[in-house]
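Below are two complexes that have chain A in common, paired first with chain B and then with chain C.
== the complex of A and B ==
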């Protein structure tokens, strides 16, 4: 992996929320990984494991408690208005629910044009309108949508509008936070294909967050599996599919309906994800792991590169290697 | 193509429709007053005092022989003007305060809300009396006093609205795009709480008309000989046995305005909730 290929890099990222009785809730815990230029990095995990928090950290909607998010193609924007604005132009986020992520009281044309006005792009209204029309065309909507209200649009159309708004600034990095979860299955496929087409066309880099394994594996080049605020396994889609190592990843695959043939053991998890305000000792997954050992309760495993590009945090694997 | 659809939705609400027509009755009287007033409203004609309805004076005359219809036409101006100014005062000062309070929260919120709560602790009419006692009676001071009274309600409504939307996804999304706080406050959140502010404005208008009538009745609002509904009412009550219509006319005018705006507000509220 060449160094300059990396677009975004997180190192030792921690995000804590204030919990009850001053006990911090660790939504993201000591997380390090990087995303390469032009790839789609899929992030999977159960509800409440910190996927969305991570996504928002990566576009600076949230400030990390500690650790850094570093972008390689532009300056860190903290504390500098101009740089922060430049950063806001390069990073975009698309949210899960197209009904709440679009201002219901503004017309589509206004909404899509707004980012251009914020960043002072386009000489006059006419030029901006041409840009709006062309991006609407890219996402499969025509000029007739300019004067429509969001309430007149279906979920799929709204998500297309949200994509248009995110892409009109020609960003380099887009966080897709569960973008298809709120849509019908038939519309899901359309939107996924659209995202893929746009990626090729504009050379976008995606962080694709989802709890749906099929969706993630369909789109992603690499996949990270998250559990309780940390990554437990990360690797190429191929590696995660066919040779996943972590018991949690195995359980995820076996739980997903119609999953891949290579993993067919019945590994249903019992219990819920532990509360992030009371993380278990040792390996965070030991409370639900079927092959939990004494060592797992005492010691938190670190990420180990099992094969090139394939990382896993599990004592089982490390035991095998040594 | 669907432009008239929203209006139809409003008028299918019975409260809104009745309130609207009540208010419009008074408004059309005011408009009529700009073009045609039968007599000088302050012209005294003792020979024809306290007359009933005649062809010369369609609503009769008062204790000084002044034409009541002319005085009503001019009086509507005062009531509506004060209502508009007071509501404007409340909206222009109360809404920004509430917006800052709800959007930024924390210390800003605490400071603003402490001030507003302190102000709310004063009984409204007492505050108005105080201001008028200090600064004297005039249209400006009445507006100032009633305007100050109407600030808290707008602040509270705006605060709850801005609080509700400050972390809405579309607000987060525009933040991620680099939108400034001012842009988010004015262009993104404000349009979403306009319906609630309209309800508050409508109810605030009703209470401003009521308070102005109350102050004028006590002799602290508009000064004679200028006509105002509250003043007319207080003059008329001395002649209630000789000229019952004289009491009735300003009462009906006040009721039309107050009930009209209250119904309008109620109607808007239930339309918003649909």
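== the complex of A and C ==
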């Protein structure tokens, strides 16, 4: 089922914001990775580590300061409006909060139809309406929702509408930015099931951003762990879940509480994530790391392939190999 | 052992209603629970299940529009609901303290955090110097570094985890026998959540404070609590020791909640979610089981007859699947 053709590739992606007194704030720092066709790539990390910025860079909602995002099966369309519009059709994003991502002054039918009008799809209103109805049915809502207002819907239903809006253009790549965080656990399970069904049906590729490790390890084929704007570890879900190497990943998995799995190493991280405007020297994680060495303070470790497909950026690992 | 444990808080058949469109709708319906000293008890359920309303009633903080029809709440043997305003004021913060979900909004942004902690001590009779001393020692107890400097910092200078620690310090300065924690870790990152959880566990052991934890996260509950009450649509559907509930859930709602939790072990399987959502107050059935519309194992009798609580395998469950043993 899994294919290995690369769909989206980032190389040396950097996004800097201007902070106070024009000091640059590095939201995403020198990040390279690729997403394969048909897979779910999970991105985890604490808040403020640049997950959402990366997600928005990948659908070109933000322009990178340097570095590139390259799509393999469609034009990136930089500088060419027509191609850019075609690119937008292939890339979609679903946001975290369904209460603020949907226009409250428009009816559901209008909201879902709008992308079709923008891209000139469908001959007339009737054909468009048929398309809207069919996508609403796919996400588990019936025709009666066409004339409803967003305020009449529950959180889970709104998130279904947001998914319908993203999928009506039949995209190939969808960024799910914390799509289930605002939902109750039973509704969360409904939406996760839905996302998996839709992926199988339409052959979608997901970048699934979440801080919830259970959700990510349940859904993803591969996982990337982010810390302060950079990836610290990346690999297959199995590799990350069972054989994670980076101290941060270990601490993250130890901190995520699983109702069924009580025997776990107790690793407690002290302190908070440093502000990206004052990122520490050397390894960004050294201020909280339990196995910090002198080398970590001076030198930033680079990503090393530990075993096929499993990358980790930590001096401990490099010390082991050499 | 069992005999030594003293009941701190007893809620008996609490009913809390809101008047919507001319009739009373139950937000909390016939809830009874007991917390013993030194115990950590959890109330678990989805949003809108009445967890917070129950907790607010214990603090006398329920909204003006709420109507407590029936029921009694005893705190250390004293009936709470018939108290005067003044009696409530002496109780809150000294007898029962509460911490809220959002550490960002629970603090006054214009007052130094040390002063805010101190205020609670001063209100309950501590002298100026004494209050400052116990503030500083409490701040150390909740694991804050460099307390002298933090004492005179403002909330915006602190991170979410530190603010939550400040709030915990504020709640515990008078050494109350009971702490109500309403989703204390929901707004925090996992690593910070873990810090706060282990802090609460240590404080529970060291100070002997009983904790009533309100949460929707069964993961947090399993690591922190001794006893769990599962709430659905204003009623308690199942309760028991935490390992019992997690390993041998009986009520279909509890099973659904547990089945909904994604994990690595369930990869490539569909999650057993519960269809639909919690009905809003005005749409709840007047008779019969509240869970009827979402239940996969519903029977004819569920629609018209409210299930009674029965004991099964050491825990209480209210469901027609488990009839009272004759």
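One rule holds for everything that comes next: the second predicted complex is superposed on the first by the 313 of 322 C-alpha atoms of A that agree within 3 Å, B and C clash if a C-alpha of one lies under 4 Å from a C-alpha of the other, contacts with A are read in each partner's own complex, and residues count from 1 in each chain.
The criterion applied here is as follows: a residue touches a chain if its C-beta (ideal position, glycine included) is under 8 Å from a C-beta of that chain, and two chains touch if they have at least 3 such contacts.
These figures come from a predicted structure and were not determined experimentally.
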Chain B and chain C placed together on chain A: clash or fit? fit
Note, angle between chain B and chain C viewed from the Cα centre of chain A, nearest 10 degrees, works out at 80
Between chain B (first) and chain C (second), which, if any, makes contact with A:114: first, second, both or neither?
-> first
Exercise. Which of the two partners, first being chain B and second being chain C, lies in contact with A:59: first, second, both, or neither?
Worked result: first
Exercise. Touch check for A:72: first (chain B), second (chain C), both, or neither?
Worked result: neither
Go through the superposed model and pick first if A:165 touches only chain B, second if only chain C, both, or neither.
first
Q. Just chain B (first), just chain C (second), both, or neither: which does A:211 touch?
A. second
Chosen between chain B and chain C, the partner touching more chain A residues is C
Quiz item: Which partner does A:83 reach: the first (chain B), the second (chain C), both, or neither?
Solution: neither
Note to self: Looking at A:272, would you say it contacts chain B, chain C, both, or neither? Reply first, second, both or neither.
What the structure shows: second
### Query
Does chain B (first) or chain C (second) touch A:32, or do both, or does neither?
neither
In the overlay, chain B and chain C get no closer at Cα level (Å) than 14
Chain A residues where the chain B and chain C footprints coincide none
Given the complex, residues on chain B that touch chain A span 168-170, 172-180, 183, 187-188, 191-192, 194
Within the complex, chain C is touched by chain A residues 46-47, 154, 156, 184-190, 192-193, 196, 211-215, 217-219, 237, 241, 251-252, 254-262, 268-270, 272-273
Counting only contacts in the complex, chain A reaches chain B at residues 56, 59-61, 84-85, 88-89, 91-93, 95, 97, 100-106, 114-115, 118-119, 162, 165-166, 169
Touching chain A in the complex, chain C uses residues 46-47, 159-162, 189-195, 197-198, 216-223, 246, 256-267, 270-275, 277-278
